[in-house]
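Structures are listed in the sections that come next.
Below are two complexes that have chain A in common, paired first with chain B and then with chain C.
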Partner chain A sequence: MTLQAYLASVSSLEILMWLRGIIPVVLIVVVGVVIGRWDQSRNQRTLDKLTQQIFLPCLIFSSLHRHPFDLKEIAQIGTAATLLTVGITLLSFLLMGAARKQQETNFLPTIFMSSASLLLPLAFILFGNQGLAKAIYFYLFMLLLTHTLGSFLTEGKVTWRQFLKIPSLYTALLGMVCAAVTLPIPAAFEELAWLSEKGIDLTGLGALPLLIISFGYPLGRIPLADVLKGVPGALIRIVGAPVFAFMLIYLYRQSGWLNFEKGYDILGFIDQRTTEAIIVISAAMPSSHHTLRLDASGNPTVSQRDAATVLASTLGAMVTLCVVFFFTAAFIFFD
Partner chain B sequence: MTIFSPELFLIVRAVLPSFTIALLGFILGKLDTNRELNQKTISNVIYYFFTPCLVFSSLHRRSFDLQEFAVIGGAAVLLIAAMIPLAFYVKRRVKVAENGYCLPIIFMNTGNISLAIALLLFGNDGLSKSILFHTVNIMLLYSFGVFLVSGRTDMRQFLKIPALYATVLGIIVSTTTFSAPVVATQAFNILNRGIDMIALGTIPLLIVNLGYSISETKITNTLKVGIPGASMRIIVGPLLAFGLVFSFRALGWIPVDPSMDPLVALGHRTTEGIIILNAAMPGPIMAYLLNVKFESCPEKAAAMLSIGTLAGIITIPIVLNFVTLLIR
Partner chain C sequence: MIRTGARSRFVQICSIVPLRILLCTLLCPLFCTFFDYSQAQAATKEKRNVAMILFRGETPSEQGFRETLAAAAEYDVQFTTFDAAQSKERLQEIIAGLDTLQYDMIYAFGTMAAQVALAKIKDTPIIFNVVQRPIEANVAATWEHSGNNATGASNMVSMESAFKTLALVLNIRKLAFVYNENDPAPRYQRADVEKIRKKFGFKVIDVTVQNTADIPEALKLIVNSKVDAVMFPSDSFIKANANDIMETLNKHRIPTIAIIPEMVRENEALMSLGPDYYELGQLAAFNALQVFGGKHPSDVPIQTVPSLKISINLKTADMLGVNVPLQLLSLSTIIR
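Moving on to the complex of A and B:
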């Protein structure tokens, strides 16, 4: 189907499908903003720690252990995450190098997207566990890049020790091992394993709203008047990055790494299209809220410009994500 | 070879995941030596946002039955009323002066573990019934409970309970049928998706919060006053509930006619199971927090909660085993 034909055939049902994905997430972000404004303790770490140390590791294990382990898929997503990050870093230096020299920005909100807080719930809503698992792979690579490239940009060194302390890494490894290897579990322990899995699954589901709320929490503390200062960084983040991702997908297809032949394996075809969609949607995410830190009085500790980039990219993403969904459906699923 | 019989496995599979999640919260609390987590933030988030979403999400999608509400609400009121003289008796025996000591004996922790067990054991029907019980329990806790610990009634606090409005809204939506424009229906469905998503996280967050709270308590000094209160709650509570359920049956409030439609009969047995399950719960965290707020006896309340929750790992499966016998 050509793009023109697709545009002509786009029905209110499809629009409704995208809205059903994005509006609930936006509503929960607003809940997070309200909580952040109203919480007198101004303790952003509470929600972050709760999510990062308990709920997210459970969600990651719960998703990965039931998703078929495929090294090629991991390589495709990992390469995309790395190329995207490197590409956006170079673009940031090219377009905003002067601002960095004047210490107005450290580039982090431009380079690093919200690969967990918004991406994981959206991937789950739009594509179920299949999309969630792929989004988790993307998130894990972004974690690695944050602690290598990100740390290098801000501190001039790689923070391996902090990286290795992240609980999600280990539950991801465990999940992948469980998916890849059929462990000979004695029958007597099967029930116990099933019971533990049930508890982990239940906890994992709690991660989805908490991730979105913890994203919204610091946003309400950024002055709206500063938003224009963040527009350049935000444009690179939410417009430049998805354009780059579409180009990357095109290259993947041209090189044959992602097969576009439908053939007889319809499920395999949909799986590859989901991989592409996850790469594009990940690239289109607004800045990561982890680049913001609030001080004791609730004000962001990063530069005005970086805080504004997070806010501007979040506000802008409400529009650009709809456009990206539209093009994802047109170019990826309908070609 | 399997460890559990099919009947026991049904119970264990409902109880063990809840305690596993509580253990995660407990470990987090123990590892958080600098107390970086602000528990007030978590409690407020649960109280003002997550619980109302769970209440609405669960109630609005099932038909509201006034008789069922009367039976469950009535059971909650009667169970709480029956525990009052017993709580004061224990208080006198252990020579505690503060009235706050009675709160974790009189009231049940209907919002943490019991919701998860109700969901895993009886599905959404059980969860909705358990939420009805929970709503009545917290309303009484915020009215009579506050009066007991502070000596004054505070209707403003009562009217500030967000779950109260979520319950009313859930019941209105479930009972009202009118033809809304398509756009309004779609907007409601989208809004509802967001509410459902938050609701999804409520139960694990409640249980993690419970585990985290328990990790903070030091019970060694207060064991002597904690054990009698906790025992009264988790042993006498379910016994009273069994008596109440049989009384309801004898009065015909919960029919047991063998010729009844099997699905209707199952609904009645679920109601009985939910009443007994909630009565078997240890004291609520809110009882501890009210003791803190009104400077009554928070250490003793915390000891009762911790002992009751730990002992619940054993007593709750036993009670549920009797519940399955009763339902059969």
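Moving on to the complex of A and C:
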């Protein structure tokens, strides 16, 4: 099939569905920016704490315990996350090495994408629980990489203790165990178990808008005048990374690790296509604001250039994400 | 200008009388040969008469059946349609009054029509369609050999596939299963649901109806049970009353899953997970062609569709606040 035919295969319905997903997310980010600018008492720390310690762990458990446990899928996503991170780190050193020597940047906003705040809500809106579970796996691997490679780049050491303090890790493990092992629930407790599950689901759903608000919150405090300084890093983040991800998908298919044959099991086919889509869309996410820790931790160790990278990548991602989605729909979902 | 000039020269040349005669002499045999060939084709087509016994009017499966037979090069098939309009009595009257000598084949839609036809007609081949469980319904002895004068297509779907697909859209813990007790087909689907219930971790609430007067009470039970979704099996009675049922359930924001795809388009059910009825009609027609070709119906295996057809009503999804994942779009028929 030619490129023209591929692009023509994306119908107005897919574009409509994409817009239905992206527009609410952008609007909530704007709400976060407005709250961040107006909130003089700096409540972001409380917001982050609530999200990270209650809502996000509930979302992770709620999603993973319903998603079939598959080691191959976890390995595919984990390998992609690792290769993407290593690839972008090398690219950053190659293209912007001089800036690092001048201590203008530590590359973290270029290397690490917003794998929770923006990716998880978007994955859920666009791909339902199947997409959310895959995005959660990606997020968990990015957490590991942030506390190993990321910490090494900034502090010269690996922060295992901080990593092991993250509540989401344990709810993820619990969710995976529940999915892998069918726990026998006595009939008398079945109703109670389902009600508890509904409570967790509901709390988890609360994480989605909170994550997006917490993404928008620090953006309003980055001076717009600095945005140009962040353009090189942002370009690597939102253009280089998705291109790298598409190449990775191509390699996965060529090696047979991700099968592109439709076959009889159509559900298995769309499951693999969703894995591909999540890898590409994750790669296209703007910079992670957690790498800045502007307000929440009170430890503003990052440079203006890094802050500008976050802002530039967020603004640019509004365009690049649409392009990436278009190609994802054409190349991944339509053969 | 150049074109006009060239054309006028051509007209001038053609207006020369001897040339016209020459052209006619050359073209006439060509036309005659073609006409003779077409006539010969029609003449060589064997005529076949098929009586189509329907239970709830025309469905896409009849369209698939007719179009496939009409496209067959060897046969000129004439169809006579009888519709029982969902009345078992009318169905029996139709079959009792059928002059089987006039027909080369009987087409029967649905389990009930197939059962009644088989009980009365022994010497004319019967092609059944949309028969969920032909073995359990005593329509056939095995899937490979019916052991009688019938063969056809079954609308059996893998409930496991259906629930796997459903899990992409909804998280179900309490499911209402609505069916007509008088119809044998939904009972088999209910048994299939029971088999996979534990694996998918949900509870089934049986809601049975026998006539239209039972529907309001059934709906009240569904609403009061606070179910996560309602499933409608392949049931003609439910299909006939689907408008009223869906209106109430959509008003109460209860997602509905049907096996009959038309319920999504025509009655605003949220989604359907069943076979493509048009494809079923085509499969039944392939069996009919084998029988026309001289095979005994008992030697023609019963057909089933290889995969599910997913239909989603986006308007209903919006109304219910259900998020339809993008990956399903490439596989589904979307109704807006």
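Heads up, the rule we're going with is that the second predicted complex is superposed on the first by the 318 of 335 C-alpha atoms of A that agree within 3 Å, B and C clash if a C-alpha of one lies under 4 Å from a C-alpha of the other, contacts with A are read in each partner's own complex, and residues count from 1 in each chain.
Rule of thumb we're sticking to: a residue touches a chain if its C-beta (ideal position, glycine included) is under 8 Å from a C-beta of that chain, and two chains touch if they have at least 3 such contacts.
Keep in mind it's a predicted model, so treat the numbers as computed, not measured.
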Assess the superposed three-chain arrangement around chain A: do chain B and chain C clash, or do they fit?
fit
Once chain A of both complexes is superposed, is A:Ala277 in touch with chain B (first), chain C (second), both, or neither?
second
Mind telling me which of the two, chain B or chain C, contacts the most residues of chain A?
B
Between chain B (first) and chain C (second), which, if any, makes contact with A:Trp194: first, second, both or neither?
both
For A:Gln254, select first, second, both or neither according to whether it touches chain B, chain C, the two together, or no partner.
neither
Using the superposition on chain A described above, determine whether A:Ile266 touches chain B (first), chain C (second), both, or neither.
second
In the overlay, answer first, second, both or neither for which of chain B and chain C A:Phe333 touches.
second
Vertex at chain A, arms to chain B and chain C: angle between C-alpha centres to the nearest 10°?
80
So, does A:Lys49 touch the first partner chain B, the second partner chain C, both, or neither?
first
With both complexes superposed on chain A, which partner does A:Trp18 reach: first (chain B), second (chain C), both or neither?
second
Closest Cα approach between chain B and chain C after superposing, in Å?
8
Contact residues of chain A, present in both the chain B and the chain C interface
125, 190, 194, 198
With touch defined as at the start, can you tell me which chain A residues reach chain C in the complex?
13-14, 17-18, 21, 66, 124-131, 182, 190, 194, 197-198, 201, 264, 266-267, 270, 273-274, 277, 329, 333-334
Complex contacts: residues of chain B adjacent to chain A:
1-4, 9, 12-13, 16-18, 20-21, 24-25, 28, 31-32, 36-38, 40-42, 44-45, 49-50, 116, 120, 186, 189-191, 193-194, 197-198, 200-205, 208
Of all residues in chain C, those that touch chain A in their complex:
161, 164-165, 167-169, 171, 173-174, 199, 201, 203, 306-308, 323-331, 334, 336
Residue set of chain A touching chain B in the complex reads 16, 19-20, 23-25, 27-28, 31, 35, 39, 41, 43, 45-47, 49-50, 53-55, 58, 121, 125, 187-188, 190-192, 194-196, 198-200, 202-203, 205-210, 212-213
